[in-house]
Every structure is written in C-alpha cells, then in structure tokens.
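Presented below are the structures under discussion, each in the form of structure tokens.
One chain, chain A, links the two complexes that follow: it is found with chain B in the first and with chain C in the second.
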Partner chain A sequence: MPEEAIAASRPGTGFWSDARVERLLGAVACLVLLLIVGMIGFVFAKAWPSFADNGLAWFTSGGDVDLQLEDIFASPSNPAEYVYHLRAWPLLWGTFVVTAGAVLIGIVFALFAAIFIVEFAPSQVNRVLEPVVRLLAAVPSVVYGLIGILVIVPWVGEHLISIERKESVANLVQLDGASISVGILILTVMIVPIMIAIVVDALRAVPRSWIEGAAALGANRWRVTWTIAVRTARPAIVAAAVLATARALGEAIMLSMVAGSASFAPNPIDGITFLFEPTRPLASALVENVEGLSVVPFGETLFAFAAVLLVSSMFLSLAGFVAKQSMRKYGVRP
Partner chain B sequence: MSLRTSPLDSVRSWPLRDCLGYFAAWAAGMALIAIAAAILIYMAYRGAQYFDLGLLIESPSSSLNQAKSGGFRDPLIGTATLLVLSTLIAAPLGVTIAVWLTEYGRPAGLARAVESAIEVVAGTPSIVLAMFGLILFQEWLGFLTFDAEGAVLGRSFIAAASMMSLIALPLVVGATREALNSIPGHVREASYALGKTKAATIRRVLLPAARPGIGTGAALGMGRVAGDTAIVVVLLGATLQILNGGDGDVFGFFKGTGGTLTSYVYYNSPAGEGLAPEKAYFAAFVLLGVVILLNFVVARLARRREPAWIR
Partner chain C sequence: MTRSRSLTVLIALVLSASLALTATATAATITMSGSTSVAPLATKLAKAFVNQPQNKGNVKFVILQGGSDIGITDVSRGRVTLGMSSRDPKPADPGGIVFNKIARDAVCIVTNSSNPIASLSQTQIQDIFSGRVRSWSQVPGASASGPIDLVVRTAASGTQDAFQNIFMGQTLRVAGSATTKSSNGLQAQTINSDPNAIGYASFHFTAGLHPVPYQGVPCTLRNAKSGQYAGSRNFYFVSRGAATGIAQKFIAFSRSSTAQALVASNWVPLR
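And then the complex of A and B:
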C-alpha cells in the first residue's frame, strides 16, 4: 500500500498529528460501538425477570394476554410479590402473520417493479417512478396509519365484511374493519420501497455483457432478464426480503392504528374470516402500553417484548448484510 | 439502458409465460405510481379542505371540544427542534465514523464490529431504541431530563433527540462512506505528494469532496426523524404543549417535554383520545409537506455534481 507508506513517512506536526487523529476517530467509533452493545445488554438485563419467571412458557399460548398484562400492571409494590405470569403467543403470532404476509406479497411486487424499472420502463416513466419510490419510503408511518384508520378501515368494515361474518365470531371478537388484512396491505406499501431499492441496485450491477450474451443467443428480453439478471440478483432478493422483514417487525404506530389492537391470535382455520380478524403485534403492544413503564414488573415485561424484537431484528440485519455480500462471489458488486 | 434486440422480437411473438411476466412488471410499476398518486391527491384534498393557517400559529389547548380549540404551533416547534438537535448529534458522529471506517479501519476486527453495530442500529425498531433511551436517561442522565416534583421521568428534548440521532446515524454513515469510496485514490495521493498529512487530506480534500454525500445522508436522516412517532411518545412525553423543564431559559426548553407533528396526528386520530380528524388531517398534510421538502433536498444534493478534479 503506497498510500499507507506515504502517509506514514509524514507523521505530521502539531496537535493534529496523524496518529492522534486516527486514535480520536477510532475512539468515537468505539464509543458508538459501546453504546450499541450496551443497548443490547441493558434491554436484556431489564427483560430477564419476565423470561426467568415464565421460562419457555413465555412464548406459548394460554389465557388472555390483555388480562395477564393488567394483572402484571396491578401487582403489589413489594418486589417479592411481583406478578410476571405471561403467555405472549397471541402477540408473537400477530407479529408473525402481519410481517410474513406483508413481506411475501411485497417481495413479489418489488421484484416485478424492480424488473420494470431496470429493464422495461421507458425513460419518461422512470423519471416519475424514481421520486415515487422515494416518496412512498418517506411518508411517515403515522400518515399511513391515519389514511388507514379513517379511510380503508371503515370501507373494509362496511363493504367487505358481511353481517353474517360479523355475527359468526361475535362471541370472540368484534370485526369492525381494523384487521390483519388492512395491516398487511399498508405494511406492504411501506416496505416495498426498501426492497425495490435493493433489488434495483442488484439488477443494475449485473454485468452488461452477460445480458447481451444471452440476448445474442436469441433469448427474448423477458427471458434474458428472468434467467440471467434475476438469477444473478438472487442474494440481493433474499437480502431485500430479510431487511424489509426487520423493518416490518418494528412497525408500531401504523399497525396499532389499523390492525385492531386487540391481543387476539387470528385463527387460520376460520377461513376468509381470518383475514378480517384484529390482532396486535409486539411493537404496537409496546407503544400502547408505554405509560405503564414505571411500574416495575410491567416495565420489565415490556422490555421482554423489546428484547424479542431486538434479537429478531439483529439477526435479520446481519443476515441481510451477509446475503448482500454473497453477490460478490460472482464478481458483482451491488 | 434497456436492451435493444432485433425488431422482430416484439412482445406479441413471445411465449405466453413471458408475456405474463412482462405485463406483471408493467402492472407493478403502474400500481406504484397509482398508490403514490392516490396518497398525494387524497392528502392534498384533505389538507385543502381543512386548510387553516391559524392552526399553524396557535398553541394547542386541551378542551372537550378538540375540533374548536387550538392549533399545533407547539408540535411544529417540537418537530423543528428535534430535527435540528438530532442532526447536530448525528451528522458529526456519523461523518467521524464513516471517515474512520473508510480511511483508517484498523484493526480490521474492530472496524467490522463497528460496521455490524451500525447495521444492527439501522434495523432496530425505533420503539426499542426509545425504551433503551428511557433506561439511559432515567438512570444515568436524569439531569438532562424533565423532572416532575423530583421524579425523574427520563423525558426531554435532549433525550428524544439523542435517540432520534441513532435512527439518522446509519443513513449518514452509509451516505458518507459511499461518497468517500467514490473519491479515487489518485486524489489522496496527489494530496500526499504535496506534503499534506493524512489528517489534513481528510479535512481539506476528502471532506469537502464528500459534502454532497454528507448532505444527502443528513437529509435522509432528517426525513426519518420527522416521521418517527414511537420515540416521541416514549421519550418526549408527547404532550400537547411544550413544557419548559427549567426556569424558562434555553436549557430548560431542551430539558422540557413536548410533542411533534407525528404525535399530534396520532393522538388526534381515532386511535388516540383527541378525536379531531380534521386537525389530524391538516397536521398530517403539513408533516407530509415537511417530508417531501426534505426529499426534494435529498434529490437536489444527490444530483449535484462532484468537483471536476475528482474525475
């Protein structure tokens, strides 16, 4: 590395010597690293009592989560008598259903949109599409939530859910339109831009010569894109899905507005009714209960929710990072 | 950009499967435009319907009839304050980390750890960041937060802004690294050849060249900060009015609690208690305007050409 050698031969003078600057910058980076590691550690430390008291049963179902949370909130002030009993399955299931639904629909949609942007869109259309994707990514979740709760939820409640359907589950939940399907719909719109951005970058990075080679062999434009470009970009598609999952998991405000915020585990056996049942994902449960953070056992239970979210998003972010790297083995740099 | 093939290769002559794919791609692209247009037109319509400049300069007040009382001057100030404060924290920090990662990055293990830590923060839900901030500011940095009769709640503009800066940080780091990486090596070598130290090269050559990138990252971060609600609810108190945390001085203002446009929209929507959808609509319209403005800034900055000597 000549650059390194040159720099080292001129150590610099005065206070801003090279060695000192390097140490200073490194120290700041370490400080942020420490803060982030500390964050992970503290969230777990705070969450531990809830996990320790329930054991693995924490993740199972049993009883009404809302009632259990009320009991925890009302537990006596003596630390020895704190109540921690919780079976969080409905919240976990709700998170899973909404996230998986949005990511599965979103990745297909994003893939086709990305193909369109890279390969088929006329340049005038692309000039519109680029700001459109940026806009959809930038609209605050509370605005999505507002449109959802004031427009889409009432419409679904009035037009899509028949009275018979409402009556069929009236003893369990009230179907008023706020449901997993609306949650999935809006969440899909929210995470599609990230996926498009990643997939578009990957498709653009596919070496032009490969594509031209395939075209020269007589494949039509769609075949070329589908078999060469999309196949090369597979790691990026995985990365897009994974990173979007991390984003979807953390979506709290919008889902608490449109998904019904009832700690109910929608049951796939119910058929189509399933789509109209309300739920409450973990992140929404956090936002809606933050007022109770100062009650010690309740706060610790909320930190247990946060810990679950943190672990999942951590693994997803790192997995996405790794998946993106693996495109390099083809010599393609996204 | 798109591939040119023989004129005989028209979509009509393709096998059905390929045609379906082609039309699905068109449909996806058109659907995106339709969704964005629907959101924009609907919000503009509602914003125009409830347009009332008075709301912008009136303080909110709590009363039974929300529809008739007060505007959202305080949330507007809250949003502006958070934007400025969190950028002031995130931009220098992010640039420092990006410079260290791209220009030094030794030892490699540490650099990789910092890199993945930034990735982790980028994926962490803001509500989790908010709850961590609450521990941090309740237990160690209580003097920077609002205290209600001795009870430390861990809430203040400082607390909210520092956690918000963690949202913006990965964006600033990412954009700055990209900008630094795109500066070719010969620029650095030219600077060394003129006798500049590495530190001076960074300060005088690399950072000025990376300025559009830094600006893009900061503006992207501001967009995310302006749109976040969870941290506001947890760490700023999401109160209707700004409460001064001191004796009415500037430090007291930063120590105080308040709300932002996002929390105002949230609490005035049917999901909160306010039940004033018309004000929520107008506030959301203003919020959307702020975000689009920031987006416009990003686009402008990203398009700005780098100095000619780079190429």
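And then the complex of A and C:
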C-alpha cells in the first residue's frame, strides 16, 4: 500500500477525516428532519381552509359524507364561493373500527405464533415457517385486495348475508358483502407477519439464564414462557402493535376494494349486522377521490384527511413510547 | 481507454440533448385541461395529430385533467389553450368561450347479467337511484329479488356528472346508502358479483353486464349514433373566443373523418 493511502486511512487526516465524516452524516440526518418538518408544514397549510371553515365540527357526524364531497367538488370557480362543508366522523370511525379490530385480533395471533416458533416448534418446522412468515409480510396489499374482491366479498355477500338481514337495514345502508369484517380479516392477515417477526426477535433476546432459572425452580415450559419470556418481551409486543397499527392506518387500496366504499359509520348496536356493514377509512377516501385533486377546495379537503392521518400516526408513536416506559424495568430492549 | 470512451459517450449525449432542446423550442405547444372522461379521447387524438407528416416535431401536447369545470375556468382565464368538457354549456359559464363539439358518448344504466330488465323510464331510474324504490319486487320486469344495491361513482368522476345531468336532473340526489366506487373497473366488478346491483357506465365499460334499455331503446353504439338513445352526452374542446392557429388546426383535425374514425372505436362519432 502506498504511503499516502495509509496516511489517509488514519483518523483525523486526509479527505475523509473523522470530523468531516461526522459533519457530513449529521447534515444528512438534519436533512431528513427538515424533510419531515417541511412535509407536515405543507400538508397543514394545504389542509387549513377545510378545518378553518368547519371548525371542530369537522370531526363530528351529520349528513352524508359522499354528498358533501360531491358539493365540495362542484364548488363554483370563484374562490369566495368555495364550499367546504364536511362532517367527517363516518370516515374517522371507519378507520378506527377497522384498524382496532385488525390489530387486536392480530396481536393475539402473532403472540401465540411467535411463542410456538421460539419455544415449541421443532427446528425442521421453523426452517419452513420463518421464511414463509417473512414472505407473507412482503406481499403487496393490492394482491390481497384482488383476492378479497374476487373471492371473499362475493362469497360473504352470497352465503353469509340473508335477504332478511339486507332488507332490515336497506333504508340506511347496502350489505353486498364488502364490509368491515372482510376488511378486518384481510388487514389482519396483512399485519400479522410483521408482528410475528418482531415478537420472535424479542422472545429470542430474552436471556437464556432467566428461562433456565425458572425451569430449574420446577415451572413447566408453558409457565416459564408465559411468566418470564412473554413478560420480558412486553415492550416488543407494544412496538409490534404500534408498527402494525401504523401500517393498518395507512392501508388504502386493499380496504377501498373490500371494505365497501360507502361513507357509513357502522353501528355496533346492530349486533351481527354490524359486522357486515360497509365503511370507508380515511386513507381509502383519500385515494378514491384523488382524481379531483385539482379542484381547489376538494384538494384542500383531501389534504385535511392527510393531516388527520399524519397526526394520528404521530400520536401513535408517542403512545407506544409512553407505554413502553413503564415496562422497561424488567424488559429487554426491542 | 475507458475514460476516453465514456467521454465520447458523454459528448454525444450532450449534443443530442441540445439538438432535442432546439427541436422542442421551435414546436408549438397545445396545453389542455378538464374532463377526465374526455382526456383518454383527447390523448388519442393528440397522438394521431402529432404523427401527421406535416406536424412531426412541430407540435407538443400537455394534457392535464381535473373535471369539466376546471377546463372551462382554465381556458376562460387563458391558462390553457383548450379546455375539455363532457358537459354542455351552462348560462353561468364565463363569457367569450366557444364550445367545439368533437364527439359523443353514451351513458348506460347497467345491472347484473342475471337481472336482464327489459326497459326503464326516466322516472323509474330516478325512483331507484334516489332511494324512493328500494326493492326489486317494486320494479316491473326485474328477475332479482330483495333490496336494490346502488353502485355509483365518486364525486370527482365525469361519468357521475353525466349521470346526474342526463338521468337525475338538477334537484334529485343519489341515495346516501349507495356504494361509491373510485373507478369504472371496481364499479363493474361489484355489479358483476352482486345480482342485486344497479349502476351506470360509459357504454364501452359495459362488457359482462346487462345494459338496460332506456325508454325502450337499447344502449348500443348504433342507437347512440342515430340519436334514438337519449342517454348520451357531448364531448367538447373549449376555446377562448374562436380558436386560432394550431389550436384551430387541432379542432379541425379532430372533426375530420380520419379522426372521427378513431373516435368510433370507443365513442360516438359526430356523423
């Protein structure tokens, strides 16, 4: 090696000196921060007219969201006469029901699947199971959407929903198979693989000595797993739930295909019918209406949807952080 | 050796780029905005216009969408050369603009193929879509039973606008219980898999569905052409004052028999 090259690789000398690299990487990191701040600022600036016109009533219910969107789209071209009237509660409620349903069901499945993989499964089974789980996590959502709309939705509409059930709510809403239950089902399948992967990693990180210690005291395998491993891995379980919720919140295409595309707030009082009622989450409403973006007030309304999604995912990260704090004491870091 | 070769390639790239720049600098540009329903047809016509021998390399198109009203506003303020509109002129439109009709398009009422209704009148269509009639048993000639499932398009859709204008009029609204789909494909798939569904579509999207005859006239290309089928709308290129120069040539080309033959593939030609 020539003399200069050795000199250049020493810390503090040559072009790529440690100080210079540090500053350079710091600049890149700052750029990411700047990008996020700029994006949030832009979205809120664009969304402001919609919030300003409706006030807090934006978040309440009242009237038909689809008709309100139609009126906003048909606004006169004079800026003084722009229509902004919107009561977005059905969209917010739809987002909440579908996301919460999928994450709650998903976390149970993911936890038990992860326990099986780490503590109970023979290694031959694991050799197949783990790659399959990782592959499932990478399937594009539109593929799930296609399977949903071509197979599951028509099947549900034909076999699970009786004509009497359809007629009982026909004045309010149509039950054609595209529904929150199909949305939750497919969303669960979509988010479970990520959750399994995170929980598996956390369970593997539990110190072996803790588990062996518990086993030496006479606890059986299940009790050791449940009281030591799962308890230790709680922060990771929260992290998995947060990540899965973020993905579920942002899921647009698949839900727009299978969850019914009606701006309706499903009513839990309806009993079983509730499961077959359609809804339209925020992200789906955004992607479905995007062709009207160039109509100024309509575009600003869509940006308001985007702003609500942004804020909810920020609060989500915050809530996950707070939840993890109290579990830190005996936990392993996720 | 490799360095000198890559240098040659670089020089060639720069040369060709500058050549391309001078070529585009001399080309006239037609900007368009407006109806999402007209845009596919406008794109098709623009491609044919650009490929004409006398126009090769001399004309450039920028086609934006946004809805008929956007196109009309844009052209009246001089932001674009031509606006695209899938609706007729309204009294409230800005003054000084000219609607140049370039084609027609039929909007069909469609049902599931297992529910081949013989005919619907305008009143029946209004009753069904506004939610006054909610059961197929109340619709004469329907073989489906149970509640009617309305499958319509989102607010930003041009077809939604046409349906509203042709069939519903200005005062009636589609019932709030309707499912609103964001694309023709999703709407067609939903109607295809639900025997109780009814919706509307431009007639070249009706494959696999049952197009319901309107006032006894089947929704076909031939009937729309002859004017017997009442559910058709006009497509316009809107200009600010009478079109001049290259825009005038493009409109004249769009109405020529060559271009109208292209129109006939998916839409209704003028003659």
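Descriptive notes on the structure:
Keep in mind that, in the parts below, the second predicted complex is superposed on the first by the 299 of 334 C-alpha atoms of A that agree within 3 Å, B and C clash if a C-alpha of one lies under 4 Å from a C-alpha of the other, contacts with A are read in each partner's own complex, and residues count from 1 in each chain.
Keep this in mind: a contact is a pair of C-beta atoms (placed from the backbone, for glycine too) under 8 Å apart; a residue touches a chain by one contact, two chains touch by 3 or more.
These numbers come from a predicted model, not from an experiment.
Contacts of A:Pro278 after superposition: chain C is touched, whereas chain B is not reached. Of the two partner chains placed around the shared chain by superposition, chain B is the only one that A:Pro140 touches, whereas chain C remains out of contact.
After overlaying the two complexes on the shared chain, residue contacts for A:Ala262 are found with chain C alone; chain B is out of touch. Once chain A of one complex is fitted onto chain A of the other, the partner contacts of A:Val287 extend to both chain B and chain C. Contacts of A:Ile149 after superposition: both chain B and chain C are touched.
Considering which of chain B and chain C touches more of chain A, the answer is B.
By the touch criterion defined above, A:Ile72 lies against chain C but remains apart from chain B after alignment on the C-alpha atoms of chain A.
Once the two complexes are overlaid on the shared chain, A:Gly250 sits against chain B while remaining clear of chain C.
Shared interface residues of chain A, touching chain B in one complex and chain C in the other, are 149-150, 256-257, 261, 287, 290, 293-294.
Of all the residues in chain A, the ones that touch chain B in their complex are 2-3, 6-7, 10-12, 16-18, 21-22, 25-26, 28-30, 32-33, 36-37, 39-40, 42-43, 46, 109-110, 112-113, 115-121, 123, 125, 128-129, 131-136, 138-143, 145-147, 149-151, 189, 192, 196, 211-212, 215, 220-224, 226, 243, 246-247, 249-253, 256-257, 261, 283, 286-287, 290, 293-294, 302-303, 306, 309-310, 313-314, 316-318, 320-321. Residue ranges on chain A touching chain C, taken from their complex, read 64, 66-67, 69-70, 72-74, 76-77, 149-150, 153-154, 157, 163, 166-167, 170-174, 176-178, 256-257, 260-264, 278, 287-295, 298.
Interface residues of chain B, counted against chain A in their complex, comprise 1-3, 5, 9, 13-14, 18-19, 21-22, 24-29, 31-33, 35-36, 39-40, 42-43, 93, 96-97, 99-101, 104, 106, 110-111, 113-114, 116-129, 131-132, 134-136, 153, 169, 185, 188-189, 192-193, 195-200, 202-203, 223, 226-230, 233-234, 262, 265-266, 269-271, 277, 280-281, 284, 287-288, 291-292, 294-295, 298-299.
For chain C in complex with chain A, the touching residues are 33, 36, 64-67, 69-70, 73, 92, 94, 131, 134-135, 145-150, 154-157, 160, 173, 176-182, 186, 189-190, 193-194, 196-197.
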